[in-house]
Structures are given as C-alpha cells and as structure tokens.
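Before anything else, here is the set of structures, which you'll find just below.
Two complexes, one shared chain (chain A), two partners (chain B, chain C).
And now, the complex of A and B:
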C-alpha cells in the first residue's frame, strides 16, 4: 500500500505539528504515512492518491491559511475527478469565533463536491479547550486508523 | 581556551541568538533543510520563547500554544537550547561569530516606542509592552532600562495607539479577574496595577475607524466584555466597514444599559496627540482632531502602544550595527522594525532560512570548519540552562498554579536557575 499522504496547510506551524502526530499514530498502527505540506503537493497527483488526510487551521475571519488557500484554489480551478479519492479531515480552530473551524469545512465540501469520499468524522481541535494539539490529533487518528 | 575540535564537522554550525518565535522558527526551517547542521539557540533568560511567553496576552493561551512546536524541536530535532546566556556579556559577539559558521540574530525589539511630542517631566506615561510584560510576570532584573511599574495605573486611563497591543492592554486591565480563568496572568501584578477596574479608558489613534490597525477579531472580543460600555468619537456617519459596524453595535448596546458599574471605553479616531502635560497630580493629553480643533483629556496614566524599538542606552547585549558579517543574518522584529505577528514572522523566518541555505549552496558563506558549541561552551559561565532545565521550570510553574490559573510563572531569575539545575541538567 502506498503511504497515506498527510497534507497540511498552516500559518503558525500548528497544523504541521498535528500532521506529524497523525503520521506517527498511523505509523505506530502499522499504516504507512508521510507528512507533506500542501504548498509542496502537486494537485495533478490528487486523483490517483488513493487515501489522504487533509489538515488545516482557520485564520482571521474564517479564512484559509496562506498555504491552504492555493491548494484549495488549484482544486477549484482544475476541477479534477476525485471519485477514486478517499480522505479524512482534521481542523484546528478557536470556538470563540463564529467561523469556528470554517477552513476544514470549506475544504471537505470542495473535495466531496468533486466526488471524493470522506472517511470518518472531521476531527476538530479547539484552542479554547486547553487540550494539547497532540492529544486531540492522536485521539482522532486512533479513531479512524482502522477505517483507512 | 577553546577546545580543539576532535571531530570534523560535517554540517555547518549555526548559532541563533534569541529563542522567541522568529529565532525558533528559523532553527526549525534550517533543521529541515540542513540535516547535518549543528544548531544552537542561545537565550538571555533562563526560559525560552520570548514574546510567546512575555508578550502574547495571558488570556490568549491558544496563541501561546505555538510553543509546543518549539518544545518538540528541542526535544526531537537535535536543536540545542542554551539559556541564561547573554551574547555580548557572557561571551562577546566576535567570539560567537568566530566559533560558528552562521549566526542568526533574533533578539527582537525590547523597548516601547515613545511619543516624540512635548511632555512635562511629571506626566505619568508608561509603555504598553511594559504593562503586558509585567502582567506576564517578566523578571524585573532582566528588564532593559525601564523603571518597574510599582503602583496603580489609576481610575482614568488613556491608551495611545490602535493596534492589537493597545487592545490587549485595554482588555486585560478592564476584564474582571474571574474572567481570566485558565490564564497565567500575574495576579499580584494585576492587583497592583488595577486593584479595581478603571472608571474610564480612552483609546486614541490617528486613523479613521475603518483603517485602524487592530484585528477585527480583537475588537469583537473587546466589545463583547460585559463590564464595558463602549463610546466612539470621531466616527463619521459616512464611514463603513465591519469594524465600524461592530463599534456602532457596541455603542447602541451601551446606550441601553446603566453604565454606573461599568468601565466607559471611548475610542477616539482621527485624533493626533500633540502634547502631554502634568496638571495637579494628573496627566493631560492634548490632541488635534480631523478639522484642526484641539481637545484635552485628563487621566492618571497615559499608556503608549505605538510600536517597539531598541533601548536608548547602549548596552553590551543589544545588537549594534557592528554585529554584522558575511555569515550574520537578522530575522523577525529586529529586521522588520517591529512589524508582524507570529504567523508573519514565521514566513520571514522561512525566507531567511532559505537565503541561508542558498548562500551555503552557492559558497557565499566562508566555511572555516568552526566547531560551534564545542568551542563556545567552555567559555560560558556554569549557570547556563539547557532544555531539560526549562522543562523543570515549566513543570514547577504549572504545578504552582491555583485552580483558576494554568500556571504561576516564576519571576526570580536565581530561582529559575536553581530549579533548572536541580533537575540535574545544565547545558
């Protein structure tokens, strides 16, 4: 099985930390995974990627971070057929905002709209909760690793 | 006497001066690109992370969580932390640059910028950075220049500036102590500076409301505090935009409540400060409005939130123009005149790291086979603090917190060092 690509988009690097935690959790469970920055991923590889995980924080007024936005825009511009793609999703947000975890929801809707199928529930980390990123990411990753 | 290197350096040696976000992000990016490099982050204080710890407001723990990335870097990525070490004092800059192939200066801008308008000597003016630092338990002995804040700021406050720092100061000084649950605010300092919430706060800035520099989310958070009654001056009817809408909504809400027990918070837009006078025991700020008319506002303290700069007095541990060279780089606020939040400085750190990698690849950095830490460590005093030492301090602070706080920071430098060393670790 090819390694599952754990794609992250970030502003302050927190989503990358989460990506690494998810990669580690999968690896420990015997599932090959690799962390890749969205800015380093070629959209042309998306349709044939098999299974991926997308991770992003929400920034400013519900916006996509600077490294998620081009990824999302490229998907919308090229509109690939993603009917062979399965994905899981995890978002970092802050529930004091109305637009809590908006970015991950935007991304999952875009992927689903092009035929991709989501595995499991969208994981969410809330900055207000005081929970560590690692605890949130690892708990979620363990909950879906069997479904991959 | 420098130790002679017994092992040939395969990768370059890198010294980062300053463990705030800019320095740590630079180390992070360099580690990704240069697997063989020896990377050391030096820090003047016994504790790392700079403004994440001492600048970001105590009730914004979510923002402070970036420190987890840096913890992981020191724990897992072979980046060494050398704390309680002041470059320029404990070791000269020249000795450092001769011992390392690459030096990155990430020391930030420690002082509050001052207003340059005429000011009476007895006027009470303090910097917002100093207020935030004090509420963040910054060790007084380590402070550059300033007199410590040692008394009440008073019932009537004026904040000059319209950025996020101004909003942080207003929020922390007006928020009830019970609304600071989960924070690591210095309760003793808060009680000293404001034993009671202020009666009035004016926020004065030269921009119109639609152009003010504070983030919308920060303004929204502030206007949501139910112990405030918001007023606005200098807001033209024709002005539009989300900030303007928010303010109008807040003003409307305030108009329908009894403001007797609230802090009246007034935003003054398009107001340019022209003079600070002392009158009786109070401080008076004179401003000029958009049509040229002048107003004066009386307060107990004027707090300036107009940016940051290098300290005035010359000190050995402050970077000067002479701290330069073919292999010397600057990153973060030091290089950007105090501009940029954490995410923006992460991007800057990425840019600087990339230029270092490119310079190395193109042979622009003289490789002197410098043995970095091995040369420098023997020259340092015995009280340096390693990463395990920081972890011991971190644990002690979290354990000392009461039920409503997430940590009680240690303010005494000697105590920090003692805890660090009792963990059995020094660099």
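And now, the complex of A and C:
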C-alpha cells in the first residue's frame, strides 16, 4: 500500500509538528503515512498521489504562510486534473482573527475546484482554545483514519 | 493590592501610571490592577492610549493598521538601529527578513539548540562546589541560551553577559520618558552590539560553507534576498539578544521555584506537568512589560475612539497577564490554570510576535530538566540584581544554592 502523503505548509513550524502527529497516529492505526514539506513536493506527482492530507496554518490577515504559498501557486499555475485525488484537510488558526483558518479553506477550495474529493470535515486547531497542537491533531486524525 | 501602597482617591494620570516612581518600576502590579478595574482603556493628557485588558490586548495589539514606529519616523532615536529588522519593519519587508531565519527557529529545529543549552547547563552544574552556590542568571540562563544561538549561527561561543548589559542599556530608551542619559547609553549599547555583528559577519565571510544560519543568511545577501544592512541588524538581534530575555526568564523561574518549592517537586516528579509549569513561568516573568504601537486609521477600543493620526497605543502585557477575568488570583503561581488561559501573550501577538519563542521554550525546558535531574531544592542567596523600566524587566545577577 502506498504511504499516504501528509503535506504541510508552515510559517513558524507548528504545522510541521501537526503533520508528524498525524503521521504517527495513522501509523499506529496501521495506515502507512509519511510527512512531506510542501516545498519538497513536486506538483506533477499530485494527480496520481491517491490519498493525501494537506495541513496549513494561516499567516497574518488570512494569508498563506511561507511554504504553502508556492505550493498553492504551482497548483493554480499548472491546473492539474485532480479527479483521481482524495484529500483530508487540517488547519491551524486563531479565532481572534476574522480570517480564522482562511488558508486551509482556500487550499481546500483550490483542490476541490480541480476535481479532488475531500474526505471528512476539515480539522481546525484554534490557538485561543489552549488545546495543544498534538491533542488537536491526534483527535482529528483518529476521527478520519477509518475513512481513508 | 499591596497593603504598602497608598493610591489616591481621585486619581490623576500620574496616579494611574507614575512612570518615574521607583516602586512602580519595581513592582507595577497594584497600579495595573487599578487600571484593569477602573480604566481599561486610559486616555492620557497627550492623547496617547493605554490598553490593559487581556481581551483587548489579544484583539487589538495585532491589528494590521498599527505600526511599530510612528508614521513620522523615529529620527535619531537609538532604535533607528533596528529600522531594517523584523522589529520595526512592516508588510512584505518584515515578512522577507523574518523568513530568512524563521526555519531555523521552528519547534522541531530548536530541539538541537535545546540540547546545546542542556550541555552548557550541565557543564555549569559540574563546576558547582560543595557550597552548592552558582551565579544562576549567568550560568543557567544567559550562557546556555548564548551557546545555543552560537550553535545555530555556526560561530564560536562567547561570554554572553556583555550582551545582556548592552541590551539592557538599549531597553532603557524604550521607556515612556527616557532621560537624555538613558538615550546616550542606549546608543552605546547598540554601538557595541552592531560592532560585534559586523565582526561576526566579516569572520564568516572569510570562512564560508558550514551551512549554518549565519552562512545561509550571507548567501541570502549574495543572492539579493536580504540587504547587507538587514543582515547586520538581524545578526545584532539574533546574537545580541539571544540570551537577554531567556536569561531573565531563567532567573524569574528560579525565584518562582524557590518561593514555591512544591512546584519544583511536581516538576521533578511529573514530567507531564512541565509544559504547564513553564507556561506559568512565562506569564509571570514578563521581560517585555508592554508593546507600543502607532495608529494609521481610527480604531474603536473598549468604547474609546482612537484617532488614526499616529497616536501611540501602549498595550500593557504585564496588566493583561494579571487580568483577573482570565487569571484568577493573578499574583499566585498556579500551573493548573485552564488551558484557555495558556496563550502565551508574553511573547506578543500577531506577525510581530517573538520569532525566538520556540527556542526560548526549548532552552528553558532543557535547562530546567537538567537542574531537576540533579537537585530538588532552590534557595535564593543574597539579593537578585534586577534592572527594570516601565517597558522591560530583566536581570543582571542571581545567586542560588542548589541542593
């Protein structure tokens, strides 16, 4: 079975921690998974990737963070046919912003707009809640692993 | 509220914020308490605004219309030395500079630097004599943080204390009413740190290729992604201030653990509590008392309309972090506060939040774990040397006995 690619884009590195937690949770559940930074992933491999997870924080006033931005730009520039792609999505945000978790919503819409099918609900971590990144990531990953 | 402080019945601006009062500078908590209760958004005689409620600080301190410098500029302020740094730049410039080093300070990346801090602390503990005494601010706070940053930058280790003193001099000019002497001393502090930054950059240029952070940032200059001035100011901050706040936080932590010995016992015996204890240490240590921002458009805060004409707004983190609506019994050390109260605004909020937060956390955790490995009791010996202003709180000496 091909490992599920857990793709993360980040500004300060928190999304990377979340990606590792999700990878570990899937692995513990018997589902092969691997963490890959978005800047290290070739968009040409996206249509045939099967099932992926995308993780991103939101930067500033609803913007895409440093390593999500080029990934999204590449998708929009090349506009691949993603009708064979399934994806789950998890966002890191701060609900004191009106643009709370905007980046994961933008990415989700971009993938769906090219034919990809989302599995389950978008997970959202809220910095205001005080919940640890690990707790948020693991709870969501456990809720979604059976649907992969 | 402290029983030793007499506050007048009909407060004037000076009563709410007696900037020159040594007791206010030493321990502003009773004044912050009154501000939170009576004037959470205070308009000063000169039109400046002071904001103290936690909810208001969290919401407004990161407002995108606010600048870190007045719209008219800061002329010959000592802090002009940082106009080309993440501290005082905005928008795309700020983002570009910050991204030139941010990937070296992620929670995952700083695990390596935390191990360096731990090694430095262990070596210091190995040198403790039979009396158990150690100059802890320096040996367990400053030097581990300085050594960790030396590792990240790829430069030789150095005594960190001169940089602490230099940074404290610069911070004195960030107070509400700095004196001419404080401004002069701040220039001296920046002069020292800029000289050191230039020296390190020049040395690395003669010895390229180690792939560490300074080498990578010089490459960014060579490739046009960073200017020479931006490099120099970034290194001045990364190296010059590497241990300034971490050293103070360690000193504050040791005072907290000495005053609350049961907390150190819990820290030692139950690793699952350590993150919560560390969060409470950060809440109380408060190296940055306030953030000053300047308006570019009108803002409505707590029923007060702040004009958009470059009005100064001081967001008092020190008051927000003792807001009873969020932190009941705010003066107590309580590591069991609800998780909703754990957002560490001591590191600021928004895109200007502390870029070194993950590194500071990793260093504090690494060194406290090393201390807890060997000892169970902290005792403060003599008087700590604190250097405070209305804007910053820091340490220049703390002797402890560990047993």
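Assume the second predicted complex is superposed on the first by the 148 of 148 C-alpha atoms of A that agree within 3 Å, B and C clash if a C-alpha of one lies under 4 Å from a C-alpha of the other, contacts with A are read in each partner's own complex, and residues count from 1 in each chain.
Please note the rule applied: a contact is a pair of C-beta atoms (placed from the backbone, for glycine too) under 8 Å apart; a residue touches a chain by one contact, two chains touch by 3 or more.
It should be emphasised that the depicted structure is a prediction, and the values quoted were computed from it without experimental measurement.
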- Query: Superposed on chain A, are chain B and chain C clashing or fitting side by side?
  - Reply: clash
- Query: Regarding the shared-chain residue A:13, is it in contact with chain B (first), chain C (second), both, or neither?
  - Reply: both
- Check whether A:134 is in contact with chain B, with chain C, with both or with neither, and answer first, second, both or neither. first
- Classify the contacts of A:56 with the two partner chains as first (chain B alone), second (chain C alone), both, or neither. neither
- Name the contact category of A:66: first (chain B only), second (chain C only), both, or neither. both
- Item | chain B versus chain C as contact partner of A:102, first or second or both or neither | neither
- Message: Once chain A of both complexes is superposed, is A:23 in touch with chain B (first), chain C (second), both, or neither?
- Response: neither
- Query: Just which bits of chain A does chain B share with chain C as contact spots?
  - Reply: 11-14, 16-17, 20, 59-61, 66, 96, 127-128, 130, 132
- Footprint of chain A on chain C - complex, ascending: 58-59, 64, 95, 99, 102-103, 105-109, 275, 338-343, 350-351, 355, 357-358
- Using the touch definition up top, name the residues of chain A that touch chain C in the complex. 10-14, 16-17, 20, 59-61, 66, 96, 127-132
- Message: Touching residues of chain A toward chain B in the complex: what are they?
- Response: 11-14, 16-17, 20, 59-61, 65-66, 94, 96-97, 127-128, 130, 132-134
- Item | Complex contact set, residues of chain B against chain A | 25, 28, 61-63, 65-66, 68-69, 72, 182, 215-217, 221, 242, 342-343, 346-347, 406
